[in-house]
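Presented sequentially are two complexes of subunit A, the first with subunit B as partner and the second with subunit C.
Now for the complex of A and B:
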């Protein structure tokens, strides 16, 4: 079933970290950008298909670091009440649970990396934290895009689930923040993520609007952060499977 | 016409050169011809049912176009069986998901290997030992192209490269939409508070399926299969007596494409290449269509030359001269090349109806050329007395006008079919009209041009004139005797003849009332044919056809309402009730199966929870957390796409239909079934829900209605056109009425025989009426124009009939004889429509001949109808009398 999301948090908390490292040095600088110890946020997800708004969802998200491990809870407020909980470990497989409004928490087994997250244009893979060493990076030049002057870095996953053949990260020269990501599948551009309204919140660069778009313009999912706080106290019990 | 004839006779060589050039040019179009026998070819594109069906296909995928195959072996629980099944599915997956990089690398590698002067099969296969799917693709191609040949030379290498390029292009289209099999299916399990969406057969890191090998593996796999009730009779088939699994189902859904034939061929070859390792029995509409294409192609190649051969022989027996054989033969062959080549260039595909075009060209081409030659031989004495070309002109001028008239009347008769709603019949109307024009042009150009060039001394045989006592005489043949008999009957016993034929027409009309319409293509196949003999294998999976019931909830996201899902369930259950066995619904799948499976999984696989949850929010959540791909990002998991629309408003129930044990469902059966289901839905489905049935059964029924109404109306319309043309041509409305009597008789007899002998009216047999008009009007015009010609010379009616029959009658008999004999050959075919076609064309020929030679003169004699030109000076005739264009004045 749905694999737990660890890094909607990462996107909201700092997508610069999410797509860290390129032609290794660039991506290391990007990866070195400040990362929050905890985050509490609220966001609205709007799904557009064929130019029309099809669905609006709202969710809350809590994340907290535990050393090199981390925990994330995504709690949908409307129209469903689904909860996703992920315990992410540096040295072993992640653990994931979900709970529907009427059922008991269920542990999720199996990989859903390439599958859509709540029927949006995001895959579970897009929401995961990425380890800098999991990829090989190649600098593909520099490009000026609406987000600013960028390094264009190609990343190819070394092993594990390869949802994409490769991804292209556009890393802003001014602050090493990733402003756009192109995702390729079977040699073709499948979709692209653009980060907008990038602001420093509590010292953390945070995009307040993220849009995952299809290249043919026929669909997109827009996540708008309505509130976000970094490095605040978050109750550990939130991340307990039993209290889901 | 006279000026044209002068031109042809003056410049025979350039005229022939032009004909040859056009023939060569259009000949290049013939290899471009493709077959398409899908039901969509026939359906009027503006039909509401068809538009709805196409719209539904856009939303739910190609719902009717699926291939079902039973895969089995002596024992299915062996590693060998699973390995073969896995290879087969892996090969099929290449047509589902195209990997451009991989395919290009394969071709590049192959090119390098084929760069030398020759290469062995072993070398080719060895070079791709690290790529088994492509190795198998190559092996299949080499088996097909070269049989057992071990070494490929330059030609062989080029052929192989071409075939691989074709295969590349086909794979690129990704025409297989869905592959469902035990090796590719997924299931949801929720035991021990753990939710897992698992492939029934898992994959390793290299994306290869980990196949069961030991008895323990097989037992575990069987347990997984039996875990989900919806897998039974879908993924596996049981022996009803023992309950043991005897075979696995393979279901391939194809995308909506105009080139269904090519992908169906490829899939068939791929599946059958595994014969020996396992037994595969593919079925479904794409396979049926493929068989139809193959049979028609085979019969066209085998029987058309045979028909031509028989026609040549009959030509020879009639004329006994080389030119008497070769000139008509050349006319009809060239006419065939022109029309088929033109169709190839215009990308008009051959189908069940248009396959009759070569036959039609043979018929009209023979007729036009025989009439011209016949006239030539009749006038030979005169021609020999004067300058050859002038003699030819005088002889051929009159008959050419008649041929032109016949051609124009037939042209408009066929062209009137362009108004038909059935696409295939409309296309046939236009192409056959053009073909008729071609035949007229060729007959009136080629034959005079050739006769102008050929020496007169080459004549011999039946028409050679022998001077005996200063009088011309010919050897009397049975044809002369037959014509004399017809003359005698028409002149002396006209009322009796009319009475006899009227009685035949009445008996035929009774037969017409018994005609059953059939548009289910399964009726085309003989009982022992694969398509019919394999039905029991496919019945194990619930059949290969189904109706699609669309249930509209009336609002966006309405599908997520438990009350709506329960309504869906209620309908599905009703369809499968014992009391509704006459619906032949074997299973009825809808989105409720998935929702119930999810609900059970979310409740630790407790069977009690295999039901629809009570909360709409829960159902919505199930849709959102269901593990699956959404390849086109339309908000529906791929598994949902055939079951609900993008707005989650309208759900589809796919009711798979089987058939009676030893038969199949006729169109009339389908009508009864759909009526019953519709009536039930109308009475029981509560507002605001609404339902509508679509799918192949609905289209088959709609098409059947078009075939009956559309084709018969078009037939009447064609007759009207013919009637009007003849009236305007002869300036006599009675001539028009008389002209349709023989055709009407022939059509009635053809349909009457169909009714009496249980030959069902379908898209193929319906076209016989068109051919009847084509040939019937030809014979009638020849008779009427010759009759008019002699009548204007103030001969008595009796004498005119005798004279007309002695000239036109013989030519008509020659033509009919050749064609009846020729088309009788078609009864040797293995394909029922071709057999019936041959039979009915032969009957039609006989009926039109009798109509023109016996009924027409008898009616004229019995009614005393005058066919003389009206003396009226009205403005109508001033503007609309078209005979003046043909020198009737």
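Now for the complex of A and C:
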């Protein structure tokens, strides 16, 4: 009888393993969440260092998809007026232009992926789109964090430039939205991103506050969205370098 | 398949480089974000087209301290044959300037008005009397942006070209050279009264501009410390005398032009054409025999020209390369005087080419970068008897390094000609990251007195300023 119980338990456990999601499958589900065809938003970025607010920036952002490519215009409004225009392509390097309030549009080279974006704790690497196939995924278990019950998935880049050794993603079980990301560099936790105030806006899951923090608590960058609209008509002319 | 994997949130809201299959479906509202903080306020809902109301600007105090050796009596200006001493070095601060700038946009992203106005105030009793209290509007226009057009009507700066410092194809934009190179970009490039229509087609655009009333480049006034000091030639005293621009009148002062530009992979390019006032000022010698001494005055003259040009920029690796050139078949030049034959200078049209090439090299992102540029302008007819263009054979280099989280900026900028005269501009600035910036910059001239920069070699300065942006 005892042997039979063990056998049934083994079958049930086996079935459980059989139907458990892999890290890759979890990320595929996350990746399948709807993305906006276009976005218009406004946000405030606050940069803290050594516990003190050092800088506040305000910016507007417009983005639009063009098939598999996309175009993004970021207009920094305060304290300095700067416009960044990026044309992102699936099959080749991104193109970027910069215009200061007093200058003319200038073609610029793509910034170093491991460099801070406008002196924040975000790196350019963090803001890039990624091919799901460029990474290997391993499910590292489940964890309950302030964002909810999550799958913990480790991702390691297969090849190419590696800004981070590995990344841990906390994917919420309820909707497969990534609510936290741990970034590791040289074997140590470098920083972590937490998404707050996640709302469905125009059918798109959107966090209204994002905080990239250093583990020692000495620095963080907080982006608070003050307005956002998805899937709205966005003028194509905004993404032409001639109108910067 | 490509998409947001790691920080979907940041991507949606910042760069939003979400590349996914087209035809997305809005999903049902998910369960509430359990355990996550409530919205922190702000209008995060979709709605009406957002109204645009942006006000920004800065206030600054800019001071010049001139520490050159001063002028010799022979270098005094002459007016009607009588020396008129240029008052200098009587005050520690040769210029004390309070400067404010306001930039206002009102309307929507599609239709808006923009006004960008500089205001200058000079306390009395210093040598800044060559600059008067004034307002200057470089941008004051209405703009209508549609999917395929961009229309601007009003005062606007129209800057074409890819080079960093001197743009041969920036035909429309006059310069404010009243303080030579000691001006910021937003002050040096003047607005013009124009109608500009850009037709936009994907990565290409065609911009057509009409400027009904021409504006001219501004040169230092006669009594300014920055007056153009010219070398003595042919043993006749040569003196610079500023007078108001003699812009061609009665219909001949309409400027118009067009520029077709596009992007192909890593290359930006454009072709342009222009007819209108020449942004380069002609310095015309004229003889004055009214005084006890026969004196030759050099006065600015303005003439029209027709130009065609192109520019190109290529971004590759850490370097952006840029080049541009403009050709004119009727550029006016000043002919050399032949005093032995009692023949004075004249103005004649000729073939002319102006070129610039350079690069920006980001050695360590924005924290360490190098800029190089070479400019060459020439009359194409050989032999010719024109006085050489005032600005040519110019090499410009700038090295900038930032420290302390990019707050401390150290920069060395230099300009040199083939005559080995130079202007060196070392600078150090600190950005407090709260809008406040303090900066000190030197202006050191060197070279033979007969050369462009060497002629200023008694006018070295230190420029000190504090600026608050809001």
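Basically, the second predicted complex is superposed on the first by the 220 of 244 C-alpha atoms of A that agree within 3 Å, B and C clash if a C-alpha of one lies under 4 Å from a C-alpha of the other, contacts with A are read in each partner's own complex, and residues count from 1 in each chain.
Keep this in mind: a contact is a pair of C-beta atoms (placed from the backbone, for glycine too) under 8 Å apart; a residue touches a chain by one contact, two chains touch by 3 or more.
None of the values given here were measured: they were computed from a predicted structure.
Contact with neither subunit B nor subunit C is seen for A:211 once the two complexes are overlaid on the shared chain.
More residues of subunit A lie in contact with C than with the other chain of the pair subunit B and subunit C.
When the two structures are aligned on the shared chain, A:219 is found in touch with subunit B, with no touch to subunit C. Once the two complexes are laid over each other on the shared chain, residue contacts for A:232 go to subunit C alone; subunit B is not touched. By the document's definition of touching, of the two partners only subunit C reaches A:196; subunit B does not.
Within the superposed three-chain model, A:121 lies in touch with subunit B and out of touch with subunit C [touch as defined at top].
When both complexes are overlaid on chain A, the residue A:40 reaches subunit C alone and has no touch with subunit B.
Judged by the touch definition given at the top, the superposed model places A:186 against subunit B, while subunit C stays out of reach. Looking at the shared chain after the overlay, A:150 reaches neither subunit B nor subunit C.
After overlaying the two complexes on the shared chain, residue contacts for A:93 are found with subunit C alone; subunit B is out of touch.
The contact surfaces that subunit B and subunit C form on subunit A in the two complexes overlap at residues 47, 49, 54-55, 79-81, 100-104, 106-110, 112, 115, 119. Contact residues of subunit A toward subunit C in the complex are 27-28, 30-31, 33-37, 39-43, 47, 49, 54-55, 61, 63, 65, 67-70, 72, 74, 77-81, 86-88, 90, 92-93, 95-96, 100-104, 106-112, 115, 119, 122, 126-133, 135, 145-148, 155, 167, 169, 174-175, 177-179, 181, 193, 195-210, 223-232, 235-238, 240-243. Taken together, the subunit C residues at the contact with subunit A in this complex read 1-20, 22, 24-27, 29-31, 33-40, 42-47, 50, 54, 56, 103, 109-110, 145-150, 159-162, 184-186, 189, 198, 200, 202-203, 205, 207, 261, 263, 265-266, 268, 313-320, 322, 360, 362, 364-366, 405-406, 433-435, 469-470. Contact residues on subunit B toward subunit A in their complex (touch as defined above): 97-101, 188, 190, 193-198, 602-603, 613, 615, 617-618, 620-630, 633-637, 646. Against subunit B, in their complex, subunit A makes its touches with residues 1-2, 47, 49, 54-55, 79-82, 98, 100-110, 112, 114-116, 118-119, 121, 186-187, 191, 214, 218-219.
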